Every structure is written in C-alpha cells, then in structure tokens.
Amino acid sequence: MTLGKAPAAPPRSTLVVTAHAGDFVWRAGGAIALAAARGEKVTIACLTFGERGESAKAWREGRELHEIKAMRQDEAERAAAVLGAEVRFFDAGDYPLVATAELTDRLVAVYRATQPDVVLTHPVDDPYNCDHPAANRMALEARVLAQAIGYPGEGDIIGAPPVFYFEPHQPEMSGFRPEVLLDITEVWETKRAAMECLGAQQHLWSYYTDLAVRRGVQLRRNAGPNLGLAHTTLAEAFMRPFPQITKELA
Amino acid sequence: MTLGKAPAAPPRSTLVVTAHAGDFVWRAGGAIALAAARGEKVTIACLTFGERGESAKAWREGRELHEIKAMRQDEAERAAAVLGAEVRFFDAGDYPLVATAELTDRLVAVYRATQPDVVLTHPVDDPYNCDHPAANRMALEARVLAQAIGYPGEGDIIGAPPVFYFEPHQPEMSGFRPEVLLDITEVWETKRAAMECLGAQQHLWSYYTDLAVRRGVQLRRNAGPNLGLAHTTLAEAFMRPFPQITKELA
Amino acid sequence: MTLGKAPAAPPRSTLVVTAHAGDFVWRAGGAIALAAARGEKVTIACLTFGERGESAKAWREGRELHEIKAMRQDEAERAAAVLGAEVRFFDAGDYPLVATAELTDRLVAVYRATQPDVVLTHPVDDPYNCDHPAANRMALEARVLAQAIGYPGEGDIIGAPPVFYFEPHQPEMSGFRPEVLLDITEVWETKRAAMECLGAQQHLWSYYTDLAVRRGVQLRRNAGPNLGLAHTTLAEAFMRPFPQITKELA
Amino acid sequence: MTLGKAPAAPPRSTLVVTAHAGDFVWRAGGAIALAAARGEKVTIACLTFGERGESAKAWREGRELHEIKAMRQDEAERAAAVLGAEVRFFDAGDYPLVATAELTDRLVAVYRATQPDVVLTHPVDDPYNCDHPAANRMALEARVLAQAIGYPGEGDIIGAPPVFYFEPHQPEMSGFRPEVLLDITEVWETKRAAMECLGAQQHLWSYYTDLAVRRGVQLRRNAGPNLGLAHTTLAEAFMRPFPQITKELA
Amino acid sequence: MTLGKAPAAPPRSTLVVTAHAGDFVWRAGGAIALAAARGEKVTIACLTFGERGESAKAWREGRELHEIKAMRQDEAERAAAVLGAEVRFFDAGDYPLVATAELTDRLVAVYRATQPDVVLTHPVDDPYNCDHPAANRMALEARVLAQAIGYPGEGDIIGAPPVFYFEPHQPEMSGFRPEVLLDITEVWETKRAAMECLGAQQHLWSYYTDLAVRRGVQLRRNAGPNLGLAHTTLAEAFMRPFPQITKELA
Amino acid sequence: MTLGKAPAAPPRSTLVVTAHAGDFVWRAGGAIALAAARGEKVTIACLTFGERGESAKAWREGRELHEIKAMRQDEAERAAAVLGAEVRFFDAGDYPLVATAELTDRLVAVYRATQPDVVLTHPVDDPYNCDHPAANRMALEARVLAQAIGYPGEGDIIGAPPVFYFEPHQPEMSGFRPEVLLDITEVWETKRAAMECLGAQQHLWSYYTDLAVRRGVQLRRNAGPNLGLAHTTLAEAFMRPFPQITKELA
C-alpha cells in the first residue's frame, strides 16, 4: 500500500524483534534482504545472544559463557551486515528470557527511535521454546506503549505499524498458519550467505533452504499457473495478527 | 501485487458470487465500485433473487412470487449499473438455496469465462442464513474445479485467484474477523447510491452506512495516526481464506 | 426473561427436535418435565425410531425391523407421556438419517404449528453418531425458514426462539461445553421414570443418573456455597448457540 | 434466577473490575444503571485512572500527570454518580498495568467486602490494550482466592458469582462473541449522561451510541418479531465465561 | 497396544480409504509398507482414479478419459503391489467426488469384509481439494454404520478401530497438526519405489521425499537425543480423531 | 514404544508435577500405580501442600496453617507409598502458586536428577484454579530448560520425554479432551486405597470413582466390542500436547 507520502519522507523502516541471535536469519532473512535491497532501513532488536539455548555445539566444545556470547554476537553482526541491516543486542539473558517492564521499556525506546513502518517478530506460541513467546509479548506490548503520548521517554510516538509473525521451527505445533507468502527468490543468495555466517548452527542451513523451497511451492500453488513464476520460486511465510489496510483487494 | 503482465493484458477481472440479490451491494459495494473505477471488469454471479428470504416487505404487501423476483432483479440490475458491474442471475431458488453439482458446474463456466483475478463471496458460516454458507461452498468448489484441465467444459482453466469473504450481518456470530480493511472513502457516494436502489430493504441503508463508518474508524486505528487519513474514512471488511502472495510486507 | 405478555396468551411452547426415539429422554427429560410441570406445551419431533442405530439389543434378539420400530415407538410414547409431552414421529429412517429438503419442510410445518418459545436439539458435532449432526442441521435450517414470510406453507411465521443444544454421549469429543446448567432436582423422579420406559437401552439408566449427579455437582460448584442448594442437586447441561436476551444480568 | 432468599437479605451486589477510568461507562454503563435502578448496590474497582493510555487529549494539551489523574478521577466519579454506583480507585498505574499479587490481594478484599452476586470485567484478550487482559486476570484470580476459607484477610468468603465480560473496542479482534444481549433501553438516557461526563474522550460518545443501536438491532433479531420490542431498542453485549445456572430454559 | 488375542487370530488388518489413486502412496505409503512388512493385511479402498483432478499431465498430453483411468489404475496397482497391499477401485468419479448413501454403503461392506484393526483416511478439511473431505466423511460414516447390528448387509459388524488421518498437501491450511509421528526409516526404500510407480505425478517424488526428511527431523526433536535415532530418520505424520486406548503411557 | 535399550538400562522413570498434595492421587493415581507395578520409578514433584486452596474442611475445623501443611504432607506421603511412588514437596505456597524462575530452576534439577521417560502434569487452562495453570507453565518450561546443555546446574541434560496432561475437575470448562484413555482396571484397588488416605477431601472419593467408571465406559466405546474388555473397565483420561512417536499405528 502506498498512501502518497511527501517527497522528503525518510526511507521506510522495518523493526525486527527476536529472542536469539539466529532467529532473524532463519525466519526473516529474506524479508530483511528485500527491504534493504529497496533502500529501506532495517533494525534488529536482538534480545539475547541465544547463548544458552541455541549454542549447544559450543557448549559441547567446552566454551565458556562469555566466549559463546562473543561468538554469537560476531556471527549475528556478520549475518546482519550481509542482509543489509543493523542489529542491536539487549543481552537480556536467554533460557529463560524473562519478560520485564524494564526490557519492554527499552523496546519502546527502539520503536520510537526507529519509527517502524513494519514490525516482524515471533508468533504467540511455541511449545518448544519459551523465549519466543516472551519476545512476542514484549514486542507487542512495547508497540502499544510506544503509541501513547502519555508513556514517558524520548522520541515521538509511533503509529500502528503492521505486524508480521515469522515462522517457528515447528509450525503446526505452534499454531502457525501461513497467511502471507513472501517471494524471496531475488534475494535468496543473500539469505543463504547470511545463514552461512551462523557456524554454530550449521545443521540448519539445509533445513531452512528446504523450507524456502517448500514455501515457494506453496506460493506458486496459491498464485496459480498464470503468473509465470519460475519453478525455483523461494518464499518465507508470515502471519498477520492485525488487519491488512489496503486500497485494493489483490 | 503486480507481477509484470504483458502490455496487451486484458483488464483485471473480479468475480462476486452471492446468494441473494442484495448481498453484493451491502457487503461488497465499495470493493466493486473501486475495481470498476480502476477500469476493471466486475461480474456478479447472483445465485437467487432473494425472493423468499430477503423480501419480507413485498410479501407483506401481498405481491406474488414472479412479481417479487422481477422487482428484485430490477433493483439489483440498477444497483449493479450504479457500481459499474455486470450481474448474472442463476435463479436457483432461495430459502433454501440447495447446493447441487449442476449449479456448481454453471459456476465453473462463469469462472472460466471471466478468468477472475479476485473472487469475493460469503464466509463459511452464518447461523442466521443457510443460503450464505451454501453459496460459499459452491463458490469455493467451483473455483477448484475450474482450475483442473480434466474438468470438462468450455473455456480455459483458471489460476488460483485470491478469495475474499465479505462481512455477514452478524459478524461475531459467524466467525468473521476483519483480516483486510478496504478504504472505500472515494467511492462511498457510489455505494450509497447503489444501496438506495434496493427499495425492498430500505431499513438497511443506515445500518450499512453506520457499518462503513465503524470499519473506517477501525481502519484508522490499525493504520496509525501518521497516514493522514481523514476522520471520514469509510471501509469494508473482508477475510482472506488463502495466503496473501506478495513481494513486499506492508 | 418474561416480557409481559397479554393475559390471554397461550401457554409457552417448547419444541424438541431429536434424531432417535431415546434422545429426548436421556438428554432433555428434565427440561421437558420442568416445562410440563409449569403447564407449558412440549412437542417432540422425533425424526426416527432409532430402529437401526440404537436398538442393538432387539436386533440381537432376532426381532424384525417393523417390530423394532413398533417397540421403540411404544417406549417413546410412554416416556413422553410420563414427562408430559407429545411426541410426533417422522419415521425418516436412521443409520443414516439423511437430511433432505422434504424432511426439513415437514419440520418447518411443525415450527409454525407449535410456535415454540424454546427449541431443543442436538449439538453440531458428534463423531460417534452421524444422525445427530443431521438432525441439528435440519432443526436449525427449518427454524430459519419458518421465520420467513416468503417460505410457503400453512401457519404463521415464527419469531426467533432461543435454541439449546443438549448433551451428547461423549461431550468432550463432540465439542460440547456446558453453557447452561438446568436444575432438574424437583422433576428427577419423573425423568427417572421416563428413562425406565426405555427397556431397549437399560444399560443407560444408571449412566444418565450418574451424569445428572455430576452435572448437579458442577451446578453447585458454579453457583457458590451461598445458595443453600442441597447436596442432591441434579442437573442437565446445555449449550446456547445464539445470544441470550435478557433484562438483567444474573 | 431467584432462589428464594430470606426476607432480610441485603440488596444484590454487583462488582465491576476495570482497568481504566472510562471503561465502566462505555462498556457497562447500561448494566450498572439497570442494577442501580433496581435498588441494587454497584461497586466499581477501577485499577487505574487511565492517565497514560486513555488521556491523549490531555497530554497533547500539556497537562501534567497529577493533573490528568485528578481530572480522570473527577470525571469517573461524576459518571459513577450519574449511574448510581460507587467507584474505588486503586491507582495502580496504567500503560502498563502490571498484575501483582499485592494488587490481586486488594481485589480479594473488595470481593469479600462487597459479596458480589454478579461480576463484570474485561474479556481475556485485547491485542490493542494490554491493560485489559491484565485486569481480567486479576479479577478472575481474586474471585477464586476470595472463595477459599484458607486465603487470609478480612471478611467472609464469597460464593461463585457469575462473571460477565463486557465488550472491547474491537470485538472481532479480541475474540469477543455476544453471548448475552442486555436490553438497556430504559436506562439509555442515564448511560448517555454518564458518557458525557467523560470530556477527555469526547470522540467516543457517538461511537458508543452507535454501538448501542447496533447491539439493539441484534437483540431484536435474536428475540424475534413477536416480542413487541420497539425499533429503538438499545443494548449492551457480554460474554459469559462460566455456565449459566437456571431453573428454566429461556 | 496388544490385548492378548487368541493364538489362531487372523493377521491384523488395515483399511485405507482414499479419494484418488495417488493418495495412499504419498500420504501413507510408509504406514502401509510397515504393516505389510509385519505380515499384516492392508486393503486400500480407492474411491476414484484421480482421473480429472490429479492427472493434469495426461490431459495436457491429449489423453482421453478412459485412457487416463486405465493408466492411473495401472500405476496404483503397481504401487500397491510394491507396498504389499491390495487396492480396490470404486470408480466413483472425481472432481467432484460426490458423497452418496450408495457409495457409503459400499464402504460399509468393505469395512465388514476386512474387519480393520486400523483405519487410515484423509483429514476433515482441505480447502485445495474438495474430494478429500468427501472421502473423509464417507469413511467415518461408514465406520459407524458398520458397527451397527441393525445396519443391513453381509458380514459381521466391526468394533471401533482407531482412525488416523494422513497428511494433506498443505498441512497448515487444512488444520493438520502432527499428533502421531511414525518412524518409516526401515521401509523408506519401499515407499520411494512405490512413489516412482506414479509417473503421472513425477514432480511429487522429491517433494514427498523432502517431507519425509522434515517429519523425521521433527520425530527426532520430539523423541529426544537419548533414543539413538539415526540422523537419517524418515517419518510420516498423522492425526488421531479418536482417543488412543492404551495400557501404558509412552 | 520400546526402542531397544541396552540390557543394563535403569528402570523407566516417570515424573509427575502437581500443584497440590491431592492432585496426583485423583488425576493420575492409576497411571502411577501402573508404572510402579511394572517396576518403574515414579517421582512426584508436589509444588504445594494445597494448604489454603484444597483444605477447606481443616480450616473450618479451626486448624492452623502449620498443622494443615503437616496433615496434608502426611496424607500425601501415605498415598504415594500406597501407589509406589516417591513424593518431593517444594512448599512453594498455594492460592496463589506464583510461578518464579527460582521454582522453575528447582524443577530443572528434578528433571535432570530423575531423567524421566514420561512426564505428567496439569493441562494449560483451569478457570476454577489458577495454581494448576501455574504448575503447567513451570513444568513445561523446566522440561525445555533441562534439555539445554547451556542451562547451568547439576546432572545430565534430558531428552524430550512425552508429556501427558491429566484430567481437571471440570474438563469441558478447561479445554480438556480425552486424547489417551489408560486402562487402570488392574490397579484400581490401589488407586482407591490411595484416595482413602486423603481424609481432608473425603467427598471426592466417590466422585473420582464415578469418573473412573465413566472413562472406562468411554474406553470400551472407543475400543470396540471385540477386545473382550470387562464391563468393569476403569480408566483415566489424558491429553498429549506433543506428538506421539511410534513405530506402529495402533
């Protein structure tokens, strides 16, 4: 939807709120790369490094906590750079990530500073990882608080940017239904390169490549044969918790 | 989404499948008028005249069945003309509208003849009107059959056009959740004029005007204060049973 | 709710639409007896005798179809008499009970003849007995058709009487949630006597007695200790598919 | 339901637990006025003044926090007086309203002091306002704790009063389904007068008037044409999370 | 569960009810091969050849209906032989497969003839293929009818065999949740060989191989690291609409 | 499922996480007794004594808190001994049981110490008792944390043991659906004896005996007439939040 902004408008802004260092790559790397390729600003609020819950390989190798955090930070920063995004680390501690008013307040500040046109985060449920729902709750609550002129803090209040939930690892068990299929074919190489920055989770490279293929098949199945889509279409799936606002049904 | 069609492409086509003569006006008049205003083709497959179930005033005045059908046909044709659409009557008999393979087959023919880019119809449930779910089932089944090269009949097979469910009379009781809010402000006068063609249901004119206002408030609430929308925004709400296909999250 | 009727108003009328001969006893015997005890009219539209699906004992004893139907009819008539209701048999054939427009039309006639203030029927789902959902669909559709002045047939149109779904045999597997708990303590002996008319299903006498006790415990648990309810409260559970209309929250 | 109380019983008591100062007016003003008109006691436990989240106009005018709280308190007290209710402010701080054991304990004390026959509060979900679900959780938890003789504190334990959820601002997005429609026609002028006490949210006066009209139309549609209801019926909608206890189906 | 059958008991029997010729291979080939490998009897009731809806390649090549049916029958028979199962064709006509009492009755006869210990069929919903829900409805209804001594026909009545729904093509859009993950690693080569019999749908070979890998990953994730499962575990997913009966929680 | 463990494997281990002292008896006594009878180890993590919320009789008799806790502990220990299980008390305080990171961490230690093959706990929702959902959340979160090599603490990490939710007091109101029916006939006398250790809740003895009968009827109804089950089958019902892993459909 383009609702005629004034010429000098700043570039569109996307805010990604994730629990762990790897999530933005596996689950939204294509969306991020597409936005960056259009010249838009993408900011990733990464609540933890995933140091305890998604760094099993490093722990088995005998690394210490500070080493693991540094390693995950380095990986995430390189992946973000590949995608064209900026990543901010909150270092809130994972497994468990505990939702607090203080952490939510820091997110409000990021919302107001980045003035997002689009927000991406985890879906509501994930029985395999309690940190993901915690990130979801804080991301949604901070979005509402950041809209209120009465909520204290720096920066202008925000509007009501649309929210997209990215795909969890076990979608059917987490109540995930693909409501939006995003064609990421043209940035696929970028997403794959970003995935390959994440050496701590190498077993997921092919897993998420296969997922992109499967979502691509689904995209073509829902778009019909007439669109001339290539057999190599790749896609990411999202949910939309708030209504889409549009001037045209399509 | 515009996925670069060849220059000589025909205008976009919208197919609206409704149970009764009035449904397309109350529930989708704005969407139809917007499409027509963009120069697109809109075809309404009207399965019945609503002669038994939504013509109480005429029955109380002592009219006979053939008179009522003629009157509803006339009203609907005038309303369609105001909106810029073509209406085809199936005269399948309402209250109850009985889903049959023959009627579904006639819908397949319309799908193939009109090659819709967008389909609008009733949602799955409506405990207050059994004809609406019957129309939904046939509209969805015909859409699938029309895609199959093995299904006999005239015309080319179709793709997989997106489907939108329009709003029932009692949304919360019918499992309706606004997933798409369409800004119809610029065609509001047209929709109102079309509503006023429906003399048999005059009590609904203000009801559906109020609904457009309420959906407009909701649209602004979900779009945020930054979009510069007027306080007089008017809207229609839709559900999306199939995933949205897109190249950009917005 | 009593919305001050004129003094000469006819007695309140209850219509019970059931699939088989035994259903109205096990599932709504208390509600029927309570209404009858208040001097109200209760009519049971019994679509089949349950001759194939709920007469296993008689089949094992080698009875023939016509004998079984006669036996079930006799049992049901005696049970209805005990409860104070009139039963009408449609003899539509069970296992499977097939929903047809003709059968629905016969139900419309009963709606218009009895002008019900309250309707009782089966809930929407029952994975253990397909006849129950079929009865539900026809009962609901006939109720809507009977409201339409344009639907042909004898008798006056009806209003929109509240509908209650009675409890299926396996409530949790059938999506049943007790939304209304009816205190049937004072008519319990009558319900038990009606159950004992059903010799073909003797194994259910204690089963449905235990259920009444359990629903009674639940009633007391939801009513609180202050109401002075006896420890012997017995109850039936119902769902309410349409909103309750009231002048007082209680 | 009237289960014969002794003659000297105290008047019935209603407890309303709300997040912000305005909620009880918009969402339950009719229910409150009806109860008060019957001579019953109504107590509003107002957890916050809505000073941050629903006072945007005052913040834009440059008021300070203490001024806004005082203004909202004054408005709410005047509105409560119009409705015939007593309001108690908890001043727990809104946006966010944080659920705590201490706040819940204060609610337990109110439950035990007021011995409610009916409880009104927010529904479980509201994606547009996190304070509403927080109020719901505390209201429900305090109701359970107040029933336990082992939970410490002043006052007698309570029974299990029925709970009603009032309507949120965006019902379909909050999982709200009208399960009870309350006819508030006779107290409408009182509710409107109470709404007009809320100068901070003037834009909502007509919005909630239109809602009352729409719920009134729905009430008439679900009550049928035979009840002789006026075309000007006005209504409020509620959900019922616990089963209704009754001696008569109606 | 093994509930000690008498020594001379016949081999266990599995009945698979499918809409089209290919379904039993893609969706349940592993389950079938496992049962056959244990020496059990597997019967596939194949309601149609999938001649119209899943034979697009043949239609594009200009084949005629009778040729396509013969070709699909031949493919399916070869695939069934590879898996170790017997396939019975009902030739009921696909796209649309119309549920009828006559077809259901033929299924009852198969239930009684095969006396299944396990039943496999399509899940309740599939918005992409209306034949699948039609097959589900008939499979479930016939299972209930076949249990009734009063339902006429040859053969003994059946018990209440557990039912498993196999995975549809778009699981999340069809309400499919993996409730049972079946380890098919040891029969994978057999399933792959059966898939390769289906020349008409060659594009699905790799798709369903990838799915088996993904369900295998999910199986290992839900089984924990301690089970010593190979990294090459392959699996099929199923739903269970009826409760599992067991003597041990595991 | 038995996936060939090495001969010297320790006995299977079951971990039961409950909110109050009585829960493991009423809701899972049969499952516990069955496991113990097979020579397996069963550990009950009992978060509170139920001293405030489920000891009404003792409070009415004027006992003090420490007495009630001692009495409930004694009862629970005797009941556990009867069943053949070990019970560990966390004494976390009930009504309300407050979920904390510290308490969850203590549960992680129990998971790692007991290395459970099966986990039993409360279901997600219970509108009548907030402590039950709190126990559920901590039991599930601790299970995930205990799997992570990066989570600190004594003991080996655990696998992903299957979880079973036992039946709440009001199943339909708590979203409980029997997904697993466990035949407890052979240990029924043991369960009954354990129930009779709980003098504080004597009114529940017959209630949960009746429930076992009703679940037994349901088990037989879902197992079919062919299994030769006695008419006195007794059962417990469970939900399964994670997929069943199996090598055979049954």
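Chains here go by letter, A, B, C, D, E and F, matching the order in which they are written, and residues are numbered from 1 within each.
Operating definition for what follows: a contact is a pair of C-beta atoms (placed from the backbone, for glycine too) under 8 Å apart; a residue touches a chain by one contact, two chains touch by 3 or more.
Everything numeric here is computed off the predicted structure, so don't read it as measured data.
Participant: Out of curiosity, which chains are bumping into both subunit B and subunit C?
Facilitator: D, E
Participant: Given a C-alpha superposition of subunit B onto subunit F, how large is the rotation in degrees, taken in steps of 5?
Facilitator: Rotation angle, to the nearest 5: 180 degrees.
Participant: Please work out the Cα centroid separation of subunit A and subunit B, and write it as a whole number of Å.
Facilitator: Computed from C-alpha means, the inter-chain centre distance equals 36 Å.
Participant: Hey, how far is the Cα centre of subunit A from the one of subunit D, in Å?
Facilitator: Distance between chain centres: 38 Å.
Participant: Multi-chain contacts only, two chains or more: what residues does subunit B have there?
Facilitator: Expected reply: 128, 173, 178, 218, 221, 242-243.
Participant: So which chains end up touching which?
Facilitator: A-B, A-D, A-E, A-F, B-C, B-D, B-E, C-D, C-E, C-F, D-F, E-F
Participant: If you look only at subunit E, which of its residues touch subunit F in the complex?
Facilitator: Its residues touching subunit F are 1, 3, 14, 31, 34-35, 38, 117-118, 120, 147, 157-162, 164, 178-183, 218-219, 221-229, 237-238, 240, 242-250.
Participant: Which positions of subunit A touch subunit D when the two form their complex?
Facilitator: Going through subunit A, the ones touching subunit D are 101, 104, 140-141, 144-145, 148-151, 241-243.
Participant: Help me check something: in the complex, which residues belonging to subunit F touch subunit C?
Facilitator: Counting only subunit F, the residues touching subunit C are 128, 169-173, 176-178, 207, 210, 213-214, 217-218, 221.
Participant: For subunit D, which residues count as touching subunit A in their complex?
Facilitator: The touching residues are 51-53, 55-56, 59-60, 68, 95-96, 98, 127-130, 173.
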